[in-house]
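Chain IDs A, B and C follow the sequence of writing; residue 1 opens each chain.
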Amino acid sequence: MARVTAGPGGRTRQAPGWIVLAAVTVALYAFWGAIPAEFVPTVITGMVLLFLAYAWNIVGGILGELSLATMVFWAMGAYTLVLAMNSGRSAWPALLAAALVAALVGWVIVVVARFLGLDGLYLAVFTLIVFEIARSLVTASEPLGRNEGVILTEFTTVRTSVYLLIGLVMLAIAVNHGILRSRIGRRWLAIKDDPVAAAATGVYTGREKARAYAISAGLAALGGGVQAYYLGYAQPGTALSVELLIAAILAVYVGGPGTIIGPLLGTLLVYGLSAMATSLSTDVDVTLYAQLLQYALAFAVIWLLSTRRASRLGLTAWLGALVRRRPRAVAPAVPGVDARLPDVALSPPVRAVDAEPGPVVLRIDGVNKSFGRVQVLRDITLDLRAGEIVGLMGPNGAGKTTLCNVVTGVIAPDTGTVSLGDKDITRMSTPARFHAGIARTFQSARLFVSLNLYDNVAVGASGGGDHDRVRDLMRRYGIDGHTSSTDAPTFVRRLAEVARAMVGAKRVLILDEPLAGLTQQQHEVILRGVRDVAAGGTAVLLVEHLIQAVAPVCDRLVVMAAGAIIADGAPQAVLRDERVVDAYLGTAVVADPVSDVEEVLGAAER
Amino acid sequence: MRIGGRRVRTVALFGVLAVGLAGCAGADDSGGTDTGGSGEKVDEVVIGAPLPLTGTGGAFGVPYLAALQLTVDAINAKGGIKSLGGAKLRLEAVDDASDAARDAQLIQQLAAKDVSAFVGPLLSASVISSVPVITRSERPFVGPNLDNAVTDAGSPWIFRVAGRATTWGDQAFDWLDGTLKAESSTVRKIGIVGIDVPPGTSTTEIIEARAKGLGWEVVKINYDQRSTLDFAPIVSRLRDANVDIVMGYQNPNDAVLFAKAVSQQSWKPANGFVWIAGGQYLTSFKEAVGPIADSWVVESYAPELSASKTPEIKELAAQFEAKVNQPLRGLAGAAPAIITVLAAAIEKAASADPTKIRDALKDLSFATPADAPFPYYSMAGGVEFDDKGDNTRWKGIIVQWEGDKQISVSPEEVTDGQLAWPATK
Amino acid sequence: MLQDIISGTTVGALYVLLALGFTVTLGIGDMVNLAHGSVVVAGMYSVFALNTEFGVSPYLAVVAATVICAALSLVIYLLAIEPSRRSGAGHREQVIYTLVITSGLAIAFQLFFGGDLKGLAFTGADVVTAGGITIAKARLVAFVIAVLVCAVFVVWLRYTTSGQLVRMTGRYTESAYAMGVPVRAVFIAVFCLGGALGGLAGGLLMTILPVSPTIGLDFLLIALIVAIAGRLSFVGVGVVGLAYGIVQAVLSNRIGGSSTALVVFVAFLAVLAAQRIFVGRLAARSA
C-alpha cells in the first residue's frame, strides 16, 4: 500500500524521507569517484535507465496510464541540448526551455486523447503512434541529422555528465516522493484505481492527468538532454529508443508501480544482470543471454506476484507483506472500537418526525434519458429538501442508478434540468458537483486499493480545514482505528465510503444500496449515520431494496418503475399505493398484499 | 500534506539549481586514464578493435579483422617495432554486434584497459557516433571510412586513410569522364541510386553535382534502406526514364536485391553501372547475383591483392584466402594499409603513448606504397593527413567484375586487366 | 505508378492477413497481444531455418511455420494472457506482459539467427510480366494465398456454426459458461488462431522479404494501425490493410521511407479523429 501522507500525525513522518534523499545525494556526489573506470559506462547507462523509470513512474505508475510517448520528450531535450551547444548558445537554459515545451506537449497529448475518448489499450496505441510520428519526423529531417543525428562539436567530460546525472536522478526521486506524500499523489492513485469513483469524489481527472503528463514530460526532456551531453550526440537510436522505454516500464512494474522504491528495485533487477555481464565479458552472446535471462526473471517476478490477490504493486508490496507478517508489537486497541460493530458516536436524531422540511436543495425537472432505443428515464421530476431523507425504490432496471448518475453528472440527460439551489448544474462536471456539495456512494464499496483508509476518505479533501473534518468523520463512524482499505471488513469499508462522500456532501448525499450484505445490527448503525447526516442539513437520497429497513428512516418514499416515478410521498401512503404494490411488491411474492403491507407499516411505526 | 505541492516545487527548484551549478562547474579534466607509455622499453603495443563481427556489419567486419590480424602477425614476425626494442603489436578485438551504442561502451572499456590506438569501429554510422567518445578517450583512431561526417567533427584524434565521400565521387567521375571520352560514349541522362543515410547521402550528392556540371539530366533516388525491400519500382523508374548510366552507393543486402530486380526486368542502361564503394565489390555479392553483374564497375578500397606486385602483400593475400576462403580485396584489403600506417606512426614515435602516436600520425608522409615504412600498404597513392585527418594522397581503385574475378582498371600502377566498355554485357 | 500500386497490393494483402490475427484476438476474445509482431517474425524465421538448414521447400515450410506460431501463441497465452484474465486486471497487464515477451523474443532471435538481414535464396528471377508490370512469382503466390485464407477465415467465422459459437462465446462469456461451452478452450483456440494467421503471414512474407530480429515492432505497428483504423471489423481491416500497402509503396519511392511513415501515422490519427466525431467510441468487441 502506498503510504500517501501518514494519516493522523502526518507531517512529522515526512521528514525522514527528505533527509534520506539529501544524505544519499551528498554521498553519491562525494563517492562516485570510487567506481573503477571500466564500470563507469555501465553505471551511467544504469542511472539513465533509473531516471527514465522514475520519470515514467509518475504517469505510468502513480497515475496508471500506459503512455508510450515518453521518448518524444526525451528526444526534445536531447536535440535541443546538442543544437543549442553547437550554435554557441548556453545549453542549460535551452534545455530548461525544452523541458517546459515538453510539458506543454504532454498536456496537448492528454487533451487530444480525451477528445478522442481513449483509455487503456487505445491510449497506449495512441501514444505509441505519437512516438512513431516523432521518430519519422526526426529521421526525415535534414537539420536534425536524420538517422545519424547531430554530434556535439564540443567534447564533453565524463565527470560533468555524472554530476548532472546524479542530480537528475535524485531530482526525479524527489519529485516522486513529493507527489506520493501529497494530496496530488492521493488523487492520482485514486484515478488509477477507479476513475469513476475518483471523479465522483471531486477529482478533476482531466486536470490531474495533464499535470502528471506535464511533469513526467519535463523530466524526460531533462533526461534526454543529459544523456545527449554524455554521449556527445543526439540520435534516433538513443534518443528515441523504444527498447529503453520498455526496459524502464518493466523496471517500474517489477519493482512496484506507484511506489517510491519500486523503480529502484525494478531497475536493479531488470538491468543488474546484463550490467554485470557486460562488465565482466565483452562477448556479445554473453550479453544477449544475460539480457534474455533478466527479462525472463523480471517476467517471472511480475507473474508470480500478480497471482496474489490485488497485489499489483510488484516487489515493493511483496517485501512489505513479508515485513508485516513478522509479529509486531500489538497495536493498542483504540478504545471503544469493535471491529464488527463500530461504536458510532452519533448524536440522536434531533429533528422531530413531523417537523417542516427545509428549502429545496436539489431539483430534477423533466429529465429524459435513452440509451439507443431503450428509454431509461421518462420525464423524471423530483425535489429534495434540506434535511430530508428520501428513499428511492424500484425493481431492478427501473432506472434508479441512472437517476443517481444524472444527479451526480456521470450521465447527461437528453432533456430536462438538474438544479442545485438556484443554480442549473445540468452541464456541470462530476468533480465540480462534488465540490458544490453533491456526493455519492456506490453499490459495491469502491474504495481505492492503492490508498489506506485515511487517504481514501481524504481524497476529496481540498484544504486544511477539510483534514480535521476527515479525522472527525472517521472518529464519528468509528473507523479511525483501521489503516488498510483492502483488509478492512465490508462494514468498515462501507462506512469509509460514506465518510469519503461526506467530506464533500454538504448539500446532497446519495447512498446507493448501502445496506447490502450487512447484518441487521449493522443496518442500524448505517441508518443512525444517515439520520445524523440529515440532521446536519444535507438532503439524503437513499436507494434501497430493503423496504423494512429503510422505511422507518425516510421522510418520503419515491418509487420508480420502468423509468418513471410512479409514487412520491409519505411512506405509509406510498406503500399502500396499488401501483407500487403491483410494480414492486408483486402478487407472487406477497401472499396477502394488504395484510403484509400492514405488517411492514406496523414495523415502520414501531 | 497540504504543503506537499510547495515541497515538490522547492525540491524541483533545488534540483534545477543543482543541475545548473553542476553544468557551470563543467570541468574539463579528461575522462581517460594515463597510459604508461613514457619510457622506451615496451613489450607490446595494444591496439583496440571494436568491430562488427556479428549483425548487419558482420560481412564486413569478419574479413576485415582477419586481414588486420594477419598484417599484425606479419609485422611481428619481422621483428615488430624496432624503435621500441622489438615490441610486438597486439590487437584487442571485440564484437560490437554492429551496434553503435555498444561501441561507445566498448571504446571506454578498451581505453580503461590502456590500448594505445583504435582501428575500430568499422561501419560509418558507428564511427561517426563514436567520434566524441574516442576523442574523450584521447587515443588516435585510424580507419577507412568514407562518409564526410567522420572528419567533419574536427576531432584531432581521427585519421582517415581513404578519401572523403566527396573525393571518392570526384575521382570516380574523373575516371568516368576520361573513359567516356576514350570509348567515345555519350551520356545524357544518369540514374543515381543510393541509401538515404551516410555514406549514401554524401556520395549521391557529389555524383549529382558533377553530373549536373557536365550538363547531364539527373534522376536521383535515395531510398530508406530499412523499409525498401522491393526494388522493382526503382528499377522500373530508371528504365522508364531511359537513363544512360547508373551510379550510386548501396549496402550489401540492397545491392543484391537491386541487382536481382535489374535481372528480373532484363534491363541494361547503355553505359552500364558504376558504383562508388558499397556492397558491389564483395565476393558474396557476385556469388549471390551471378552473371548480371558481369562488367559492373566499382570504385573500391583495394585491388585484387593476390595479383599484387609486392611479394609481402601477395603472401598476405594468399594467407587470407586460405583462412577466410575469399580473395583479399575491397574493404578487407584496406586493413593491411591501416596497420601499416599505425605501425609506422608507432615506430616514428618510438612510444606507446597515444598522444605521441597521434603526433607521429600527423607528421607521417610517403608518396607511394613502396615508400611506406612497412611493406604492407595495400591501397593506391600515399599517405599525408591534413588538419581534419583526411588522407590527401589517397587514390581510389576502379575495379570491374569479369566473371568471378575483379580486375583493376585504374590507377595505372595497379591495372591488371582490360576494361570492357560499355560497363554492361 | 501502376507498378507501385500492384507492388503495394501484394504487400497490402499480407498486411491484412497479419492484422486479421490481431483483430480476431482483440475483437472476439478481448485479448491484447502486443507480441503479435514477434510471432510474425517467428513465422519468418521458421521458414528461413527450415528452408536453409533442412532444405524444406518454401511453401511447405510456410505451413510448418503456421503450426509453429500457433504453438508459440499457446505458450504466450499461458504465460501472459491467462494470468491477467484470472486476476481481472484486463488490458493493462496483458500489454505489459506481451511487451516484455516481444522484447525477449527479439533478443532470442538475435541470439539464434544473428543480427543481420537474412533472406531466402529462392526468391530468384521468377517473374510474371503483363502489360508492362513485373511481379515476382513469389509475390503473386503470397497474394493469392493471403486473399484465400482471409476469405475462408471470414466465411468460417461468420457463417458456420463453430465460427458463430466462437463469436458468441466471446461476446456473452457468462452465458457461454452457463451453457456448458468449454470457454477456456475457445479462448485458447481464438488466441492460437490469431497467432497462426500471423505466422502464416510471416511465412509468406519470408518468401518475398528478408528478416532481421528487430522488425517485430514494425509489424506490430502495422497490425495495430490496420486493426484499429479498421475498427476491428473484417471489411475495415481489409480496406485499411490494402490501402496501407499501396500508400506505402507509392509514397516511399517518391518521398522516402521516413516521410511515408509520417504520412501514414498522421493519417491514422486523422482517421481516429474522424471516427470519433462521426461514429463514436470504439467498442472492443465489434468483430
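In this section, a residue touches a chain if its C-beta (ideal position, glycine included) is under 8 Å from a C-beta of that chain, and two chains touch if they have at least 3 such contacts.
This is a predicted model, so every value here is computed, not measured.
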Whose Cα centre is nearest the centre of all Cα atoms in view? C
Result of counting contacting C-beta pairs for B-C and A-C, higher pair: A-C
With chain centres defined as C-alpha means, what is the inter-centre distance between chain A and chain B in Å? 56
Chain A-chain C separation of Cα centroids, rounded to whole Å: 35
CA centre of chain B versus CA centre of chain C: separation in Å? 39
Could you say which residues in chain C touch two or more other chains, in rising order? 110, 256, 258, 261
What residues in chain A touch two or more of the other chains? 146
What positions in chain B touch 2 or more of the other chains? 54, 97, 196
List of chain B residues in touch with chain C within their complex: 54-59, 97-99, 196, 221-224, 226-230, 232-234, 236-237, 253, 257, 260, 263-265
Given the complex with chain C, which residues does chain A contribute to the contact? 64, 66, 115-117, 120-122, 124-126, 128-129, 132-133, 135-137, 139-140, 146, 242-243, 246-247, 249-250, 253, 285, 288-289, 291-292, 295-296, 298-299, 302-303, 306-307, 312
What part of chain C is in contact with chain A in the complex they form? 26, 32, 79, 83-84, 86-87, 89-93, 95-97, 99-101, 103-104, 107-108, 110-111, 217, 221, 224-225, 228, 256, 258-259, 261-262, 265-266, 268-269, 272-273, 276, 281-282
Taking the touch rule as given, give the residues of chain C at its contact with chain B in the complex, in rising order. 3-4, 7, 11, 110, 114-117, 119, 123-125, 127, 134-136, 208-210, 212, 248-249, 252-253, 256-258, 260-261
Residue numbers on chain A that touch chain B, as the complex places them: 5, 10-11, 18, 36-38, 40-42, 45, 91-92, 96, 146-149, 151-153, 155-160, 163-164, 167-168, 170-171, 174-175, 177-179, 181-185, 222, 231-233, 235, 237-238, 278, 282-284, 463-464, 467
